[in-house]
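Common to both upcoming complexes is chain A, partnered first by chain B, then by chain C.
Let's turn to the complex of A and B:
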């Protein structure tokens, strides 16, 4: 009897302790994550007046004006295809590098650090680095001119945004690919080679299929980040490359039309959800 | 003959991709020593004038100091909030535990531009935009998931029987935590502190929304500077930031091994 009461006593005080331990993080997530996001979604159903304040009441006016505007449709399309293009180039460049790093016998740790440490450096700094390289008087232009090549405009253009974003997202892709390559067994490839398969066949029939989960994860990550990033498109696009994310910033900070910014945010979340659905379906096929 | 050529080409390809990846980080160093008034390659002469200009640029110095203080506060608060939560989520079994864990990591999945806007809209109503508490809370939302993930992994790979043994020998829960759990957690704590510091110090999107114009933060000031000026001042700041990040990576490497901290 006494034992069970003592037990109950510790359990209820344990429950109280548990609540105390979790309270700060729960409070913070409610105040600065759940409530703001719910509020943002609700705000997309309001309408801004000419003065920047909001009308009373809930309606679909902002949504319907957005849907009717072809400007936003073409922006959505541009965001998706640029995001897909960046993802594809990132994959093509990262795959051989990640494969090389995962097979490296010497200095593997150093190689991994070199590949992913750019992640720890601010996107502003890395994008600035690209401005130095791609700028009209930049490194690459000087290099190309010394070969008597007249290069196209590299900065303030879609080309510049794609180059910069690709480099910025490569560490994420490499990380995902490395986690996939970890499961690859080299003896399988040796067996295939012994049985007479050429290097290309080994790659197509063994390496590629087995690394697909990592490839899909990396593509999802890069696409989602490419669609939502705005620092790099803003700095390298020079205001000439209008994407969903840059438009959200302009509407929220410059035009001060919060309902439109809220609608575009919901739109980005829809793009995210669609990408996730695709990812789920494709992973099922791969497995 | 042919295999040698193809292997050479392969090596060349790998090296070029690596160069592409590291080029922007490396090239800010020579440009930061340029003597020119604009960013141009190659610089007509070399000097340290932009480092001197940086020291006399009041906005950059203030922004740097603010960012350091904010990142310090955010790091301390992250550990204070995430550590108890990590203990609760690994040492207790209760209904809805997995749901809570995924809720706490969810802010990382949300695009930071959406999160920044959402926080701005709410904080504007309470006068928190441009205030220190506002920015600190905003940063905590994204540093907590990183720290929590590292700490949970650290706690769940640690043998729980050591804690039980200490409890059996008569130590109260607080003693167990302070004398057993905390010392064993040091690597995970160092890793999560370093991550929280770097994430807060580098955060630009959320800061851009909630720091407003009053509270200067380094990444935001850099961003605005690049928008209106083309001189190599930002290259000098960038070079220093790269070196600073390298320093933190080395400290973490010394303490626990960087590869381990990241792969966890």
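Let's turn to the complex of A and C:
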């Protein structure tokens, strides 16, 4: 009886300790994440008047007008496919680089720092850099003209957004891939080689499958960042590339239609949720 | 402990005794916050209006909060609705109307603000909580190196020589909305309240020539830096930036006329210092402050008595011939179909570029 009471006491003090330890992070999440998201959802059920002022009360009008407008559906589709395209190009460009860095025997730390050093500079500054490089009077246009090639529109276009976003997201992809490569056991590759597998087969059958967790993590991270990115599409899109994030800015900051901005923000959350589901399913398959 | 000499203890005691008087003195100073545009507007408004006001009213301290756009200004006050930290807002008439409808701004009357009797009739807009404090116009900015003679018509925007060298801020930006109304007039579209189809069609023909529909950081810099040959912007800023870049950029006020942009001054509902705020508003609308501000930034004053020099007048739309050519626009009415204009631009203008 005494032992049981002591056990209960230990259990209850353990429970109290657990609650005490969890409380700060739970509170922080409620204040900094759950409450703003709830506010966002509530805002999406309000309606703005033609002049921009918000009506009182709950209303489905904003959602129904949004759902009925094909323009927003095409924008959602454009956001998803541009995000996916940027993620794919980022992966293709980052994979060999990350593999090289992870296998480097000398100055590995320096190479890692070089790969992630762009993160030390603001995305705004880097995007301005791309505006200078890709602009009409920029280096790349001049180079193409010197080869008698009529350059395509490199900024103020979808192409400009894809180029800028790819460069901006590469450090995130490289970091994710490096974490994946860290778990790669090189003796497996040596074993495959001794069994007669060529370099391509080793890559296809050993390296790629084992690095998939890093690949999936990098893809999820880059896709989410590409879909939510606003600065680079705004600066390099020239008003021609309407994405969900840029539309949210216009609705919230320019036309003051906060309910529409809130609806679109909820849509972005749904896109993120779907991406997370995909990630979860694919991770299970890979494992 | 040995550091606490008798002198230090006495000094600390004296500070303690004097504290209530110090507190009372600072309590007598009233503090208000004015939120208006950032950048050039902020620099010049502080120098020409706020500092002279504080000099004339030593008991009132005015803090300036620079906001990039009027909508951001209202957005901040929406977030502070229960306990506003701002007392006076200077913002575009369309946004002021939205804020007034939400009860964020308090309507002011001529009884509260007698200076309103000195304003031009166009400064008192029905349904808008505060009176107009400045008028501005939409103009064309051009690169001097590309124009041996200054352009005189809006039709220059349709000149194929400038293909890929034009910067336009598309709707929902009000510059793009304004250009739609101008294009509608150029195309003979009649009353914009009825239809803007002809204007949209004409703008669609211009679209392939446009380099950007969202010039960064702004259309003024794009022209001044030689990124484009032509752009549209607001006269006051364009004149000031062209003055700073006199060898590169100039401003044209086309012969077909232009449309006015109106900034109003509004009292925030729930201001903790409404009397001081009204006192500031009264000064901001006075002939003296309006004239000084116009001399520095070329906005058209709203006070009939503002005496401005001929040089400054030439750089504003306030000359009789320019005023006669102004296109009459009711911005509150336009705001009601701004979404429709934006949609038309997306489907029929930007898509063609």
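The rule is simple: the second predicted complex is superposed on the first by the 253 of 287 C-alpha atoms of A that agree within 3 Å, B and C clash if a C-alpha of one lies under 4 Å from a C-alpha of the other, contacts with A are read in each partner's own complex, and residues count from 1 in each chain.
The rule is short, and it goes like this: a contact is a pair of C-beta atoms (placed from the backbone, for glycine too) under 8 Å apart; a residue touches a chain by one contact, two chains touch by 3 or more.
For clarity, every value in this text was computed on a predicted model and none was experimentally measured.
Under the clash rule set out above, the superposition-derived model of chain A with chain B and chain C contains a clash between the two partners. When the two structures are aligned on the shared chain, A:68 is found in touch with neither chain B nor chain C.
Shared-chain residue A:195: touches no atom of chain B or chain C. Residue contacts after overlaying the shared chain place A:131 against chain B and chain C alike. Once the two complexes are overlaid on the shared chain, A:96 sits against chain B while remaining clear of chain C.
Touched residues of chain A, counted separately for chain B and chain C, are more numerous for B. Judged by the touch definition given at the top, the superposed model places A:54 against chain C, while chain B stays out of reach.
By the document's definition of touching, of the two partners only chain B reaches A:170; chain C does not. Once the two complexes are laid over each other on the shared chain, residue contacts for A:235 go to chain B and to chain C alike. By the touch criterion defined above, A:254 reaches chain C but does not reach chain B. Of the candidate stretches 23-31, 59-67 or 275-283 in chain C, only 59-67 runs into chain B once the two complexes are overlaid on chain A. In the three-chain superposition model, chain A touches both chain B and chain C at residues 131, 135, 137, 235, 252-253, 258. On the side of chain B, the complex with chain A involves touching residues 10, 13-14, 17-18, 20-25, 27-28, 31, 38-42, 80-82, 84-85, 87-89, 92, 94, 100, 103-104, 106-107, 110-115, 117-122, 137-138, 140-141, 144, 148, 173, 198, 201-202, 204-205, 208-209, 219, 222-223, 226-227, 230, 234-235, 237-238, 241-242, 245-246, 248-249, 258-259, 262.
Those residues of chain C that touch chain A in the complex are listed here as 69, 71-72, 74-75, 78, 94-95, 97-99, 101-102, 164, 170, 172-173, 211-214, 216, 226-227, 332, 335-339, 342-343, 346-347, 350, 353.
Listed in rising order, the residues of chain A touching chain C in the complex are 49-54, 71, 131, 135-137, 156, 234-235, 237-240, 242, 250, 252-258. On the chain A side of its complex with chain B, the touching residues are 14, 17-18, 20-22, 24-26, 28-29, 31-33, 35-37, 39-40, 43, 93-94, 96-97, 100, 109, 112-118, 120-133, 135, 137-139, 141-142, 167, 170-171, 224, 227-231, 235, 245, 248-249, 252-253, 258, 261-262, 265, 268-269, 272.
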